[in-house]
Amino acid sequence: MSYVESRLDLNRRYRLGMVEAIWGEHKTCDQISAILTELQASGELAFVTRVGQQKAEKLLERFKSAVFHKESCCLTLGDPPNEISSLGEVVILSGGTSDLSVASEAELALKLHGVKTKLLLDVGVAGLHRLLSELKNLEKAKVLIACAGMEGALPTVLAGLASQPVIGVPISVGYGVSAKGRTALEGMLASCAPGLVVVNIDNGYGAAMAALRILRACF
Amino acid sequence: MSYVESRLDLNRRYRLGMVEAIWGEHKTCDQISAILTELQASGELAFVTRVGQQKAEKLLERFKSAVFHKESCCLTLGDPPNEISSLGEVVILSGGTSDLSVASEAELALKLHGVKTKLLLDVGVAGLHRLLSELKNLEKAKVLIACAGMEGALPTVLAGLASQPVIGVPISVGYGVSAKGRTALEGMLASCAPGLVVVNIDNGYGAAMAALRILRACF
Amino acid sequence: MSYVESRLDLNRRYRLGMVEAIWGEHKTCDQISAILTELQASGELAFVTRVGQQKAEKLLERFKSAVFHKESCCLTLGDPPNEISSLGEVVILSGGTSDLSVASEAELALKLHGVKTKLLLDVGVAGLHRLLSELKNLEKAKVLIACAGMEGALPTVLAGLASQPVIGVPISVGYGVSAKGRTALEGMLASCAPGLVVVNIDNGYGAAMAALRILRACF
Amino acid sequence: MSYVESRLDLNRRYRLGMVEAIWGEHKTCDQISAILTELQASGELAFVTRVGQQKAEKLLERFKSAVFHKESCCLTLGDPPNEISSLGEVVILSGGTSDLSVASEAELALKLHGVKTKLLLDVGVAGLHRLLSELKNLEKAKVLIACAGMEGALPTVLAGLASQPVIGVPISVGYGVSAKGRTALEGMLASCAPGLVVVNIDNGYGAAMAALRILRACF
Amino acid sequence: MSYVESRLDLNRRYRLGMVEAIWGEHKTCDQISAILTELQASGELAFVTRVGQQKAEKLLERFKSAVFHKESCCLTLGDPPNEISSLGEVVILSGGTSDLSVASEAELALKLHGVKTKLLLDVGVAGLHRLLSELKNLEKAKVLIACAGMEGALPTVLAGLASQPVIGVPISVGYGVSAKGRTALEGMLASCAPGLVVVNIDNGYGAAMAALRILRACF
Amino acid sequence: MSYVESRLDLNRRYRLGMVEAIWGEHKTCDQISAILTELQASGELAFVTRVGQQKAEKLLERFKSAVFHKESCCLTLGDPPNEISSLGEVVILSGGTSDLSVASEAELALKLHGVKTKLLLDVGVAGLHRLLSELKNLEKAKVLIACAGMEGALPTVLAGLASQPVIGVPISVGYGVSAKGRTALEGMLASCAPGLVVVNIDNGYGAAMAALRILRACF
Amino acid sequence: MSYVESRLDLNRRYRLGMVEAIWGEHKTCDQISAILTELQASGELAFVTRVGQQKAEKLLERFKSAVFHKESCCLTLGDPPNEISSLGEVVILSGGTSDLSVASEAELALKLHGVKTKLLLDVGVAGLHRLLSELKNLEKAKVLIACAGMEGALPTVLAGLASQPVIGVPISVGYGVSAKGRTALEGMLASCAPGLVVVNIDNGYGAAMAALRILRACF
Amino acid sequence: MSYVESRLDLNRRYRLGMVEAIWGEHKTCDQISAILTELQASGELAFVTRVGQQKAEKLLERFKSAVFHKESCCLTLGDPPNEISSLGEVVILSGGTSDLSVASEAELALKLHGVKTKLLLDVGVAGLHRLLSELKNLEKAKVLIACAGMEGALPTVLAGLASQPVIGVPISVGYGVSAKGRTALEGMLASCAPGLVVVNIDNGYGAAMAALRILRACF
């Protein structure tokens, strides 16, 4: 074929200080393998998101030292930092069990950059007492990431109660008008709580990188 | 012209027990006057919604005994019941001052049927304590009507805290993704709170009639 | 992993008087099993909605006393009330055979709370005589739940004929513009019938809980 | 300027047997005048739709023999046929007074082609008895045109009761989800009544021309 | 279970003179079988649309005399009229081979009512000469049904060339903006050709019943 | 105030060889004046689009040598090239008189770059013969720009008949589903004619610049 | 009237450390005056956004010490902090002159909290060199706020070049598909640049409060 | 069956000078085979797009000389031109590896017409240096085709840097708001770069044919 080689943005880690996520969903095993091989050769940590069980198994056969993270459907290859940075803690909250995979993607992405994290599940707003009883535990966090599907009200309520940066992550969980996460997304954008920011639906990695930018701005 | 006369559904009050609202927004002064004249002749109470200041003034000139209700942009002609029914109380909550006109339309519609009402403004979820401090006052209500624009989370939080029927009314207040009330509507429909029901955007009259149906079912 | 345990809202039954539905569609068998185990341990009745045949079979193997309700795709574990409450009857109407699963979900949800129900199928508005011939049977009902896909006109026609509370449930049955239930939903919200209320597309459980709130408000 | 003259499709009346409507809404007075002058010169009947009061007055000054039809916001210039054709009658039904202008546009368009028409207003489905009591009057019609805003259910109910061709015309009357006529349009397209056909929102002229095509096919 | 029997609208054939189509897509084999059994017992012709190959095979096992029409994905049971009516001919045009299944559904539906039909494929507007060379063949038709996916321009061009009733059927064929037929539908509704009418996306049966209504109005 | 000066992209003419259009619609008179002054000082030709009559008059008072182009709602300041380039001719076609303003914007933008143009109005597809009779006149054109509102089928039909580059410009003329030009845009994108390209709704300037890029690529 | 007083969330400044913005667009002069009076009485700084020229003039008459900020359409009453905090600088970039009002709202909101700001206009991505030549000036900023209408690509390009937190503000400037800011919003959410966060369309205040949360988290 | 034969537009190659692409996605193997047989008989080169692996294998069995192009999911039958034309080069750029299949479809379509091409992958705007370092290589190209999913900013940035015709191809790669390519499409249409033109989502063939029209206009 006539086309030039695909080129990884190996400079990004140095320029932005972030591991580039390889988005696995629309790539074939061969395409991912080619990228992993290249990253391995350059000694880079590889982080592939949205990898299904089946695709993961094929990749694990080819890359014996790769690790598949089942809850987050992510695959990593190479050594993450083995000590926790002093940048501060990020707490990741989620409205329901079904949001686990996105919340876990955010958590993993932060851990790969050495950030300390805590995950709080099932603190949805239809049973406010669950969230209210956790408020104490949020005080030490530098940044809050709030995942929610359905009507997506958790980040709004949270940003009215806490003064830290709050990053809303809409989740594509729901049915009818809430299918695919549109309603959660727009609910967060329309929020009457001041200073709530939002990322794309299911974008756990994006929320993590936003938190990382904030932590580093503080350093 | 060849067309037969427009016909008012004068039977509705007897069949459904409800005053039929004349929707004033897309009708000309002449069209509304014709309907008012007919209702006056038949001794019916007339209730016109969505009447702007200017249109109202013209109608008041023609119908000296009509009353314009400024907060709700409604006009009435004829005598409402002069005693409060024993059906029970409806509390109408709203997230912000800008929702006043729709909340007032609901209140007026209920009063025209002799229902006791209370209006609680500015109890939005971005400042939860305001709602929490009113919970006691909601206990005596038979039905709750919750108006909210922006992300529309008030009915969700309310329906998680109170066990009465909760009717959500999305309000067309907001900008960007919340303009025209779509986001509030879909947030209420997508709600994770069990048993929340919803009416059309800005439909204060509809919420009132739903509350009336409930009060009467109980009687 | 670092995350704290998921927490069921066990207080909800006491606070709102409702069995919390476990939404089964986006949860894995392992996630549902964990929740069922916890509910079983606390002596709670468990109610899982949107469970496919295959997922149900796996769960039935693990929980021998669970019951799978095929028409409604729901699974229950634990003992429902064995006597019918005196709250009054709810009639559930549907426009077509294809709406059966949602109508059945509403019926089952009410039965789990001891509410008396009746299901009337195939009373769509394209053949009005079928609905008109059932009007007598609706008179004793305290609340009407009307399910409809396609253009969703059944609740509108019904709310013009009957004076009880009418809860519209849009159904995701149809094709072209009616695919996924959007048109039915918006048709119900736009209804010219006064006091019709609406829940999310396919939300049989939600309609049932709204009916329950109404029945209890009447008590 | 370098552009060639605008060209009217004067052949259309001969090719399709229809008066071409000049769509007045987005045209300036000068543009409409130029077209009227050309049609007058060629002895054609001119039919301009969607002309506001103000624009009409300016045009009437320039064209003394033009007629402004206030209910339908249409302007005509030239002589319509002065006898009713034997093609048969078209009945135009509408759900509410607010639909009058579109229904009148359809009626006028038919009259300009010598077709006999009848207009039935306020036969909306929220008060079914009004429609049912008119069924007898529909029997002689060859074609039915049903205009409806809000949820747009009238054509569906009608097409389930009558066997003639039924043409649904969605009306841009309503608010919230029914604003601009989208919901009425989609409700008609999604209709469970067999053989209902639909035209664009507010397209009274189009419905009339469809009826004309049908009447002529029958001749 | 407590629900009353599903009821077929057996009166429809007598009231509207149309065979009621059983919409097969969202029904289980058991649900369709129950309906077929009932229709067979009452001596009615049964017509099931949108039946996949697999579902068809199961039904053919249970109903030996049923016929599966592969091009249109329809299944019939019972005897269609064995002579062609004198109502006149309907020509069905389509823009591309991919529209065949919907065009065939329309054709079959008309044949079941004894109507004479002709199918013209691949006369799309990107190669106008193909349509122009067929114009002669359209002259004898009483009604034209034009199916088109993509931008859906065929019915517009056709209705500008022919004076018969033209029924546009948008097809859910395409990709990107034309996926699911929305663009074709809206293009037909927005058409500048006077008197073009439209049915729901892929609704071949609906177009056929509209044609039947027209043919009968002419009789 | 603390903000730095706005900066015009004066390099663009040199880098891309195009006059930068100043988009006038959302700018105040003061903002436009500031830009015009700066361009005048640097000896650049200024081209402001989407300027209403009223705003134009105010600007003409301040800039005596400016010219307001009424049909296209554009304002220019400075000297356009006074000879026609040898790049070749661009023909601009439009479906209706209402599209004139956008077609004129495209024509003016080309003339400011010395390109020869021709404007053909009222060649819409509902009366095909008008377009077919002009085909000869299109042969000499290097590039075709086709403007269309409503269903937007003109560029599709044109690109099936002519082999030159065809640039479709959707126009925000229409009502109901065609209001604001969405349907025309999507119809052009969905076109079955190979190699048709599209610009934003009403973007006459953009179509002109695309034509200019093509003419120069040929040189 | 029966409703209880509107209640301002005076606790918010203490709880979240933010001045609550009064959203002026959908409030009447009387409603705004009532709120201003209350805030004045409690010694709070008042900040009203989206106040048009006319409404501002009326308010200035009633509140002599109020200040109207013309570029940002905001009105303030009371004394802002008179020294710049040591929290660090926020740079606000915008793609075009038309975005000025939103960018200015963000700047003013930050100044009211004592934050140092810089505004960089006209650094849109269609002329990349303008942005590239400013990169040096961004290095000292703690947080970047990037406003963009049209396709909204500025924040994406910026977040690929700079490692600070980047908050994208979509602007409702544009026409056709970019009208009302939807395309800019979705382009920012869909961004391939890691860690870009987004607020609602035109929400300059929200972006400012998000920046403030970040600055304080760092302190 | 009664329908006339499907007709291929064999004249198109002569009229427009383009190989007609057979769109394979919605056609059965039998339908494609019938078309291939007909083209083979007439000595035409056949080009089928959007053919999955499985469908391709079946077709290869029937047509031994056919070639399946895996990267582009296209199948060809017959001999392409065996020498490169002198029309000039087209460079195809793409933002990510996931866009490869559409970019390859464009490349193959051009090669089948003897056009010289170059493919540049992974030059997305989140890492601008990759694009900037390739600018030199673009200078010789006559036309640029830029493929991009997600926010689709590549063509905008490119059209601001290069003066050739730029054709944007939105790609249906992404998730959340960017799923299905809508956001990329609208971002390109809304672009602030002058003269950027766009084709349908994933329409590599269309972009290639547009480039071919341009190259030939230049010849």
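Each chain gets a letter, A, B, C, D, E, F, G and H, in the order it is written, and its residues are counted from 1.
One rule holds for everything that comes next: a contact is a pair of C-beta atoms (placed from the backbone, for glycine too) under 8 Å apart; a residue touches a chain by one contact, two chains touch by 3 or more.
Predicted, not measured: the structure shown is a model, and the values here were computed from it.
**Q** Give me the chains shared as neighbours by chain F and chain H.
**A** Correct list: E, G.
**Q** Out of C-E, B-C or B-D, find the interface that copies F-H, where copy means more than half of the contact pairs are identical.
**A** The F-H interface is reproduced by B-C.
**Q** Look at all chain centres (mean of CA atoms) and spot the one farthest from the centre of chain D.
**A** If we average the C-alpha coordinates per chain, A ends up farthest from chain D.
**Q** On a C-alpha centroid basis, what's the spacing between chain D and chain F, in Å?
**A** Measuring from centre to centre gives 34 Å for this pair.
**Q** Averaged over CA atoms, how far is the centre of chain B from the centre of chain F? Could you give it in whole Å?
**A** About 48 Å separates the centre of chain B from that of chain F.
**Q** Can you check how far apart chain C and chain G are, centre to centre, with Cα atoms defining each centre and the answer in Å?
**A** Using C-alpha averages as centres, the distance is 44 Å.
**Q** By residue number and range, which residues of chain F touch two or more other chains?
**A** Residue numbers touching two or more other chains: 96, 126-127, 160-161, 176-178, 185, 189-191, 194, 200-201.
**Q** For this structure, give each pair of chains that are touching.
**A** A-B, A-C, A-G, A-H, B-C, B-D, B-G, C-D, C-E, D-E, D-F, E-F, E-H, F-G, F-H, G-H
**Q** Show me the residue ranges of chain E that touch chain D in the complex, using the header's touch definition.
**A** Residue list for chain E touching chain D: 15-18, 20-21, 142-143, 160-161, 163-167, 185, 189-191, 194-201, 205-206, 208-214, 216-219.
**Q** If you look only at chain G, which of its residues touch chain B in the complex?
**A** Residue positions touching the partner: 1-9, 11-12, 23, 25-27, 31, 35, 50, 170, 172, 180-181, 185, 200-203.
**Q** Under the stated contact criterion, what part of chain F meets chain E in this complex?
**A** Contacts found on chain F: 95-96, 124-128, 150-153, 156-157, 159-161, 174, 176-178, 182-184, 186-194.
**Q** Which stretch or stretches of chain F touch chain D in the complex?
**A** 71, 96-98, 100, 103, 107, 117-123, 126-127, 129-130, 173, 175-179
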